[in-house]
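In the part that follows, the structures are each spelled out as structure tokens.
Here come two complexes built around chain A, the first alongside chain B, the second alongside chain C.
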Partner chain A sequence: MVSNYRGYRPPQGMVSWALHRLAGLGVLVFLLLHIVDIFAVGYGPEAFNELLFIYRHPVFRVGELILVAGLYYHALNGVRIILVDFWSQGWKYERQMFQAVIALFLLTFIPTALLMLRPLF
Partner chain B sequence: MVQIRTDRGSDRASAATGAQRRPAVPRVGRERPNSGNFELYSWYFFRISGLLLILLAITHVVIMHVVNTVDEIDFDFVADRWSSPFWRSFDWLMLVLALLHGLNGARIAIDDYVRPRGWRIFAYSVLWSVAIIFLIIGSIAIVTFNPAAAVGR
Partner chain C sequence: MQVHLRIQRYNPEVDAKPYFAEYDVEVEPTDRVLDALNLVKWYHDGTLTYRRSCAHGVCGSDAMRINGRNRLACKLLIRDVGTNITIEPLIGFRIIRDLVVDMEPFFEAYKSVLPFLINDDPAPVGERLQSPEDRQRFDDTTKCILCACCTSSCPITWTNDEFVGPAAIVNAHRFIYDSRDQAAAERLAILNQKSGVWRCRTVFNCTEACPRGIQVTRAIEEVKRSLLTGDVS
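Presenting the complex of A and B:
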């Protein structure tokens, strides 16, 4: 006999919401860092180019991938939120649209990541 | 084997007044605030700036991280791009929209997590200060950049 018990599960919509918030705040933290480094451009080539070692460091290359992944997910899921808000039929398809967000994310992020990693190949 | 009926239970308990029971529709984002105040503008601003940021931020990522890579980007690269008023305007619009959209999101997160009054006042003060300072230094960087003067430094 198959039990109906399904263990602890996040309520519907919670995972998409938590990822949306995490990605948004993560991109924001990077944006603040990025404004500081771009401010250094005004101090000339020596100052700015010297700073760029941060972005070329392998650890940051991984961070760069995570950043782009966060932005892609947040942008796609943002469109889903807007559709639910403004399209009168949207609420019926929240689940399907979340599945579409995941599919589109994989479809866009994987080629992007491969291109970003091309110096490795 | 223990069986727990997941299709009733808690739903029943919360449905004390059957007629008022909400339909089982999951919500995403925030429901549109129904009064014409700051929260309503904030709600619309999230959505309008979000749509514009798809164009701005995704284009930026594709140019800076996919077509080029961080290996190619240096002072000369930036100077070259900012010789065009189009890209300066593009970058400035993106700066303003992303900062306000992102910090407005941080405001909502503070609202959710920081409860004690003193800490809330502190967190909001930091938030607004960051907004003002970063809008100013970001704008200075983009608007006043002059390669000739910078090289001479």
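Presenting the complex of A and C:
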């Protein structure tokens, strides 16, 4: 089945869809992790605060950055999909909207990344 | 000019699995990929198997994957694909032999959307007249030649056998918006099922692949919106 995906030279729309899926699944995995760490609140504020040290670890910081990338892309491309679904002219501008998604993604992600990685240096 | 063809071959009676065979043939830049296939079959290896009939982009029999995209071999010029050409069968169907796949599931899906005029009024003496504007409403989807380029390009159909696929929806669209037809509600109900339009994730692969230039995703989205609003005008 995976070989099917390799067998087709992806047009732009397929790239946007594959990224959307990947980002969506990534965010889902983080959500599960988040449920686990919130669970620690049940053991009192000290336990919770202690657990938060993981989030300051550099490896985790980079992981969070990937999460933010996934969130931004999924949100922006989600708006594009909504427009394709509900705006009767959406199909016409599908490609331009994808380019806009990429542009807005870079515009928002780069400053966020700089802010988030600053404490590491 | 000389072109190098890599063609996926598979004869289930003797081969354990598909493999690639390579051929060099002499063609003109203005020849079609189908001409190159014919040269192989006629002068190199008569066992090469593929479908073709009209050779003019009308019958829809020679859809195949050419350099990784679904195309009609008879509509694609050599000069537009370059000198290294990889040819594989359509994805998502059982291979019968070489480039010939089992299209039965494709036509089953097509038949499931009632792709014919349904009108219980007594037939008029002449024709069932329709204004040019009403005819224009579904003009785009009348152009389908049932080649399966779209359905087989859709990533959803590769993993979901139930999805009726874009071609069936295009052909439902052709009647849903026809002012002479009376079964729009029935077809919409069929496409509202689990196997229907909601499986479409607006990937646009179908639109990119359609050799007739049909705005396939647009048609699917119109059906989706009709299901939401109940408006079939």
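Please note the rule applied: the second predicted complex is superposed on the first by the 110 of 121 C-alpha atoms of A that agree within 3 Å, B and C clash if a C-alpha of one lies under 4 Å from a C-alpha of the other, contacts with A are read in each partner's own complex, and residues count from 1 in each chain.
As a convention for this text, a contact is a pair of C-beta atoms (placed from the backbone, for glycine too) under 8 Å apart; a residue touches a chain by one contact, two chains touch by 3 or more.
Here the structure is a predicted model, which is why all the values come from computation and not from measurement.
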item: Touching partner for A:W17 - first (chain B), second (chain C), both, neither; value: both
item: Touched partner set for A:Y8, first chain B, second chain C, both or neither; value: second
item: Touching partner for A:S88 - first (chain B), second (chain C), both, neither; value: second
item: Contacts of A:F121 with chain B and chain C, given as first, second, both or neither; value: neither
item: A:V68 touches, of chain B and chain C: first, second, both or neither?; value: first
item: Chain B versus chain C as contact partner of A:F53, first or second or both or neither; value: neither
item: Those residues of chain A which chain B touches in one complex and chain C touches in the other; value: 1, 4-5, 11-13, 16-17, 81, 84-85, 91, 94
item: Chain A partner contacts - residues on chain C that touch it in the complex; value: 65, 67-69, 88, 91-92, 153, 155, 158-159, 201-205, 207-208, 215, 217-218, 221-222, 224-225
item: Chain C-touching residues of chain A, taken from the complex the two chains share; value: 1, 4-5, 7-9, 11-14, 16-17, 81, 84-86, 88, 90-92, 94
item: Contact footprint of chain A on chain B as seen in their complex; value: 1-7, 25-29, 32, 47, 50-51, 53-54, 57-58, 61-62, 65-66, 69-71, 73-76, 78, 95, 98-99, 102-103, 105-106, 109, 130, 134, 137-138, 140-142, 144-145, 150-153
item: Residue numbers on chain A that touch chain B, as the complex places them; value: 1, 3-6, 11-13, 16-17, 21, 24-25, 27-28, 31-32, 35-36, 38-39, 41-45, 47-49, 52, 55-56, 61, 64, 68, 71-72, 75, 78-82, 84-85, 91, 94-95, 112, 115-116, 118-119
